[in-house]
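Have a look at these structures, which come just after this line.
Both complexes below contain subunit A, partnered by subunit B and then by subunit C.
For the complex of A and B:
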């Protein structure tokens, strides 16, 4: 392998764009260890221990994981369903595919705002319930935003992530699904068997990178949680921001620890993806 | 081959249209409806007052201009830098190219809040905290990651023999770049510009952290209006925020896959 001038520049330039996040993340790690930042007091694991011992951290982590898993699972399920339903070349199928991906460029903060207007206690759904005679005052409407289950947040995230996953699913089925399914059918498989033994394995493998991307994004998403999540338990990004912007400066190193946690969650998802793909490759 | 009964598919299509259109329709109604309070299903009257605020409310118009400025500049710099890095990386031999890819992937994969907390240190040290320039640099750090990945893909399938031919006919490297490579990638440069534009346009955590409240974009103003209970203004800001992406989807619909990753 020869490393010429172009190769050297080709390595240096990407390294330069990775530098701000790398040094930034390095700063977050050293600040969480008390080495730099607003409260430098020499190397200490005090902040790390404080964050780990704090019940709020685990509640935030658990709640964020719940939202991540629930919204990613529902969005994946819907995307697979859409891809399996609107896959032919008829006008209706093509229209279905276009409508399914329409919310793709809508920013998350807009999806969160819509969720608030629809699911809030005096929102559109509550008004429909009132018109149907189910409730008479907004207080009778079960809370669907700022709620412990995160229904409003999950709704916004699912609405926003379905198009991305559906787009991948449409592409995967178009490029790789047809021939395997034909073979399965010609061997006598019925519709359900064809789906589970021919369609699903192809879809799953093709969609996995997208699913991982969605999960990591959802885990670190700030704006949707800021508009729709409850104050107890706090979502991990909200807890991080709260500590980081607190007037009590000694809370700030804890924010760096939490930022590291969020990053670890993302890396864990990427590692899980790598391991799954590696395992599948070995099996094949 | 059709496997889904037509009637079932039509019903599903109707549900899908409702599911997709409802959230945006609610924003439209909220932005032009007045007196739209519980328990009214539709507004008691219609008014363009909230949209007029675009002109009369300096805060809303300023945040729109700020977002346009930030997103245009971010898109511009990200498309140029991404183009050059992608071009160089595509000439790097394979094991080293993986390293370059991983480096470009980092600003894309890092959670924005974690990234912003780290970036803020440098921005503050440079005296750019709470300034448009600081926010622009932070947006660019992420957007360049996206456009670099985009151009690595573009140059992976680019036939370099065209450039070699120009060089063999006596063109200098600069002339080859200006007269052959750049004109051949006009469309991709425009798409990368839009990609960078969208990354910046929807950015919230980086704007909040680096802008420190002094820089208000359209995206952060949606949050401010919601917290202030001004739903109709939040809806106007939200619709303005959704508009470029939807227009882009109509204009470059066939290329939407390239933008998908920026809108996950």
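For the complex of A and C:
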């Protein structure tokens, strides 16, 4: 079915799709101001001020930003590498592409549990190290889950996001890459030059919406953080949930303030996307 | 701005009520309080009851879905549906429903302690009703643990369902000589660095509360409502005790497992030597599920371990209070309480006074075989101490996060 975007249906449809999140956003804003929710006390900026003044908020924000940037960057890098490696129509390359996108349907929570089973201090790696006589107790294994750097969390997120970004990269290269690269090669460019001057510019522009989607998803992802993140600093989604389900009711409006911060983080990613695309469009 | 809040709430009401249009209101709420019990049962017959409860334990889910649900359908034609939602989530959900002026979803909620306190304070419960249940006559009415919920009188606003007691779990092979008091535990932790921790949630706070009692002269000191000065002195002792042993905690006290599921996993994988549970019999069910090793054993400290009861309440906007009352009454029946008590089912303590039951039921309860991994009932009772006012727990949870967890080195 095609919808004429100038018709009434065409205009109402996007509004209808946007309505539930907008109502949610409206509720979050009014709840963070104490107008609705479990601890309403009239319009007040008390909760906003309290959350801003709390160092835990900034630690959570900074840590979540680190996880978002690190996992998105590594997943992008791996996806680009896969796309550049397995791009021909040969059987081996087609097989490589299939294997690369295989983890796509695996739920994030399964990826997190796998990360726990592999990287935990009593996990697969630790058991191998134990059998090899490198460590004798679980505590001797360097902490890779519930750890300050978020190694286990980043590992799980990267493993889950690679197939998504690789799928986009494969499609971009298939549709747009060939002719430019051929031209570059016929002008005498070597492999590395062809990649950096012909393949990469096409690839990153095509992948950018996917990269932004991954970054915004990672910033708000709860279940992987719940299974793998440390207790300090607490990841932003965990801190939000902790406050939303706190037994002390006056802590809950602060959860809506934190939800607003997560939204701002995602909006910043979308704004950066808009600015980058706008700039390159002007340059071209 | 207030108008904006109302507009948002109205939009929400529209959404929520659209979702609930297939659940007609059964009867005038106020009239139910005056109806004879037979009429309540008649109104409940053939109705649907939605029960919002914690669904995180396969043993509990199996008891509800495969034992309670078919019996209610057979005896009363009631179709019971258990849905996910616990503690603070129940409060949040009911607040949103009230703001949206929407008809409620849940007829029955599984609650206790702070949740009961918050629901009562916010006027989100319907009642009083629990005193009208015929099976309530057999309740253990002399037990302060059953008849007072974190020191709060029930007054018929919730009906007791089960009782539990905090217990440590250790491995009899790994730890041959476990500590039996908090003083011994401190020595043990210092002797075995990196092998002890607690979680960040409900059970961890229960551990700290029991520690607070022990360091401040016992549970009796905390009776009679929340006293800020007492809390200040008692909590300082708790944080002092922790400060002293934290370097010898798991990960030197810098990180903490999120909940008991993570604790059980760390314990089963030999990363720590103790896990804990706010159910004295969880060790038995978790061994059966293969979560804990068969050499695991429960342990209570002689300083006193927390015991509390859990209850069912009816939300202020429940569509089917008669159905909820019949379900609550069934849950209090000797057969439902007996089944729940069996270690191979759930191992949840009974709230009934067995002496008030018929001789047949009395002997059945008394002949229940004690699992060798559990703590004997007499020992449990000897060391059980009730929960103090909910504010103690709320403040302790908040202060621990602020002063210990978020400040970890």
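Criterion: the second predicted complex is superposed on the first by the 273 of 284 C-alpha atoms of A that agree within 3 Å, B and C clash if a C-alpha of one lies under 4 Å from a C-alpha of the other, contacts with A are read in each partner's own complex, and residues count from 1 in each chain.
Definition applied: contacts are C-beta pairs under 8 Å (C-beta built on N, C-alpha and C of every residue); 3 or more make two chains touch, one makes a residue touch a chain.
Remember, it's a predicted structure, so these values are computed and weren't measured experimentally.
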Subunit A as common anchor, with subunit B and subunit C clashing or fitting: clash
First, second, both or neither for A:18, with subunit B first and subunit C second: first
Which superposed partner A:244 touches (first subunit B, second subunit C, both, neither): both
Touching partner for A:43 - first (subunit B), second (subunit C), both, neither: second
Which of subunit B and subunit C A:122 touches, first, second, both or neither: both
Subunit B versus subunit C, judged by how many residues of subunit A each one touches: B
First, second, both or neither for A:138, with subunit B first and subunit C second: both
Partner chain in contact with A:27 - subunit B first, subunit C second, else both or neither: both
Partner chain in contact with A:231 - subunit B first, subunit C second, else both or neither: second
Offending stretch of subunit B which, after superposing on A, collides with subunit C (from 79-87, 169-177 or 223-231): 223-231
Intersection of subunit A interface sets (partners subunit B, subunit C): 20, 23, 26-27, 116, 122, 138, 226-227, 244
In the complex with subunit B, residue positions of subunit A that touch it: 1-3, 6-7, 9-11, 13-15, 17-18, 20-28, 82, 85-86, 88, 90, 92-93, 95-96, 99-111, 113-118, 122, 124, 126-128, 130-131, 138, 159, 161, 164, 167-168, 171, 191, 210, 213-214, 216-217, 219-220, 222-223, 226-227, 237, 240-241, 244, 255-256, 259-260, 262-263, 266, 270
Of subunit C, residues touching subunit A in the complex: 1-2, 4-5, 7-9, 11-12, 15, 87-89, 91-92, 95, 99, 114-115, 118, 122, 194, 200, 251, 254-258, 265-266, 269-271, 390, 393-395, 397-398, 401, 405-406, 408
Subunit C-facing residues of subunit A, complex: 20, 23, 26-27, 30, 33, 35-38, 42-43, 55-56, 59, 116, 120-122, 138-139, 143, 146-147, 226-227, 230-234, 238, 242, 244-249, 251-252
Partner subunit A, residues of subunit B touching it in the complex: 1-4, 6, 9-10, 12-13, 16-17, 19-20, 22-24, 26-27, 30, 37-41, 81, 84-85, 88-93, 95-97, 99-104, 106-107, 109-115, 117-119, 121-122, 141, 144-145, 148, 198, 201-202, 204-205, 208-209, 219, 222-223, 226, 231, 234-235, 238-239, 241-242, 244-246, 248-249, 256-257, 259-261, 263-264
